[in-house]
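First subunit A sits with subunit B, and in the next complex the same chain sits with subunit C.
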Partner chain A sequence: MSMTKISTITVGVGGTNTIQFTSIPDSYDDLYIIASTRNSSTLEHVLIGFNGSTSNFTGRYVTGYNTNTASGEYARYIGNTSTSTYTANTFGITNIYIPNYTSSQYKSISGESSGENNSAVYWTTVFSSNVWSSGSAITSIELTNETGSTILEGSTATLYGITKGSGGATVS
Partner chain B sequence: MATKAMTALANITVASATSTITFSSISGAYRDLRWVISFKPTTNTDSLQFRINSDSGSNYNRVFMEGYAGDGKYSAAANNQNIMATLYTTGSPSGHPATIIMDWLDYTATDKHKPMLIRTNAGTNEVVMTAGRWASSSAITGATFTCAIGGGTFAAGTTINLYGVLA
Partner chain C sequence: MTETLTKIVWNGATGETSVIPLSSEELAQRALDVAAYEERAAAELAAKNALAALKASAKAKLIAGTPLTAEEADTLVI
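So, the complex of A and B:
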């Protein structure tokens, strides 16, 4: 099996400050997360952490919002959520891919996200690139919102493990 | 019993500096292909480029949107002899691998050109989204990867993983 579901987190009544996957097995090659989230504040940024740490991250994003595009550096910024001012019952989506998560090399994190909103003006699409400058294997992943705002009931996140194949290529 | 939708087909991990990586005899049993690449060049101005089925003709087209040190921008390139998946590979911190994820859709079809979506990130240096097209109605059976611009090579630790995706 090349893609295996490891676990799903569904946020319950009262919400949570952190969606956290713990005790991630080291038996896969890559990790993939699909998250559907909405938060209690007006701030829309989803942030990522590893192994309980928010240190040693650097990142860049490119975003489209309203009629604008922009790019900048923003460590740990992985995607957008729908906020309290967005259309009711609407959740943002974030896809996260982490290759070679047990490697002794630095970790590259790819994020694709949209803060869904039924509006011609206030919606956002984000592509992000992050590096975790650590040679440690990833054993837990934390998703939070900036300023620690509450991730609301009904938000979900699923973690998958990806297993690579072997052979089939030559080098010269 | 559920049918698995994504199957690992091939993989390579570069052990020492290599100029060319070739995948051949790609199975035609799937609808789409997904590539996941951890790209480490030996020259930090290098980019990843590829050709399909050894096609060296001017049959490659792309449009991309990029966020880089500066601002976002978009651009397009047509009738090239390969597709470049990145522009600058070494971000901050230097020497870390860039991640490239590519989806090649309907790769076995013989009645259409081949579309592809390419997602690249290189730390704080750049984020690139590319829509590409191989202007050929031939089924895809192979791919060749090289480094561009800097004329460098793939460094040890570069990995390329290929997956087949069922409809």
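So, the complex of A and C:
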């Protein structure tokens, strides 16, 4: 297996509402994104979209926050960010894996995330799983906050292409 | 002055990264996301408060030795 960095998006001064990778090369087998984000809101949820669409997503999550746990259904919910109330200069981490992104089958999306916060009172970890019920190849990926808040300066998202097998050969 | 909402876009065909204002469709979706969040948050709060009320009522009835409703019993039985 090989992992190739495709691109890193870095949020500059003033922040942004959405991070988007477009015209993603179709030469890999899977995609992997590492997002390091902080937002201007007091809420943590990061949402994902494909090909400019937010339709046809079904999602479930399990989360741990403070001394609590919770689970539920939440389409497009992929992970957590650190918020404006969290420790200064701290960013949440979201890892997103998308296997077979060019397939004509439905796409699965796995998320593992932590809203980093140097506090004994409030922090969050999340495992999420989404299905995009579309047979279209994924050519663009969008990340945004559920409350439409600003993704702050210093946030980054790096897109990697994953190729099966040594040197790209299929593992049999 | 009205704030201009933007997105940062990396284009794999050109390798270029641009800051672009959100389209009218994206602004509309953003509004839908916010509304959906507010609805979900309200529903979760209502459910949390309802469960807390049921538990409190169940506990009080247990102490008083009076019958619980099925809903109250469900909060206690694993």
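Here, the second predicted complex is superposed on the first by the 164 of 172 C-alpha atoms of A that agree within 3 Å, B and C clash if a C-alpha of one lies under 4 Å from a C-alpha of the other, contacts with A are read in each partner's own complex, and residues count from 1 in each chain.
Methods note: a residue touches a chain if its C-beta (ideal position, glycine included) is under 8 Å from a C-beta of that chain, and two chains touch if they have at least 3 such contacts.
No experiment lies behind these values; they were computed from the predicted model shown.
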Request  = Determine, under the contact definition given at the top, whether A:7 touches first (subunit B), second (subunit C), both, or neither.
outcome  = second
Message = After the superposition on A, what does A:133 contact: first (subunit B), second (subunit C), both or neither?
response = first
Request  = Tell me which partner A:61 touches in the superposition: subunit B (first), subunit C (second), both or neither.
outcome  = first
Note = Of subunit B and subunit C, the partner touching more residues of subunit A is B
Task = Would you check which partner chain A:18 touches, where first means subunit B only, second means subunit C only, and both and neither mean what they say?
result = second
Request  = Go through the superposed model and pick first if A:100 touches only subunit B, second if only subunit C, both, or neither.
outcome  = first
Inquiry  = Identify the residues of subunit A that lie in both the subunit B contact region and the subunit C contact region.
reply    = none
Key: Sites on subunit C touched by subunit A in the complex   = 5-15, 17, 19, 22, 26, 29-31, 33-34, 36-37, 40
Contact set on subunit A toward subunit B in their complex = 1-3, 29-30, 58-63, 69-73, 97, 99-100, 105-106, 108-110, 112, 127-131, 133, 162-172
Request  = Can you check the complex and tell me which residues of subunit A touch subunit C?
outcome  = 6-7, 9, 11-12, 14, 16-25, 43, 45, 47, 54, 74, 142, 144, 146-148, 159
Ask   = In the complex of these two chains, what residues of subunit B are touching subunit A?
value = 4-12, 14, 18-26, 36, 38, 65-72, 74, 91-93, 96-99, 101, 119, 121-127, 129, 154, 157, 159-163
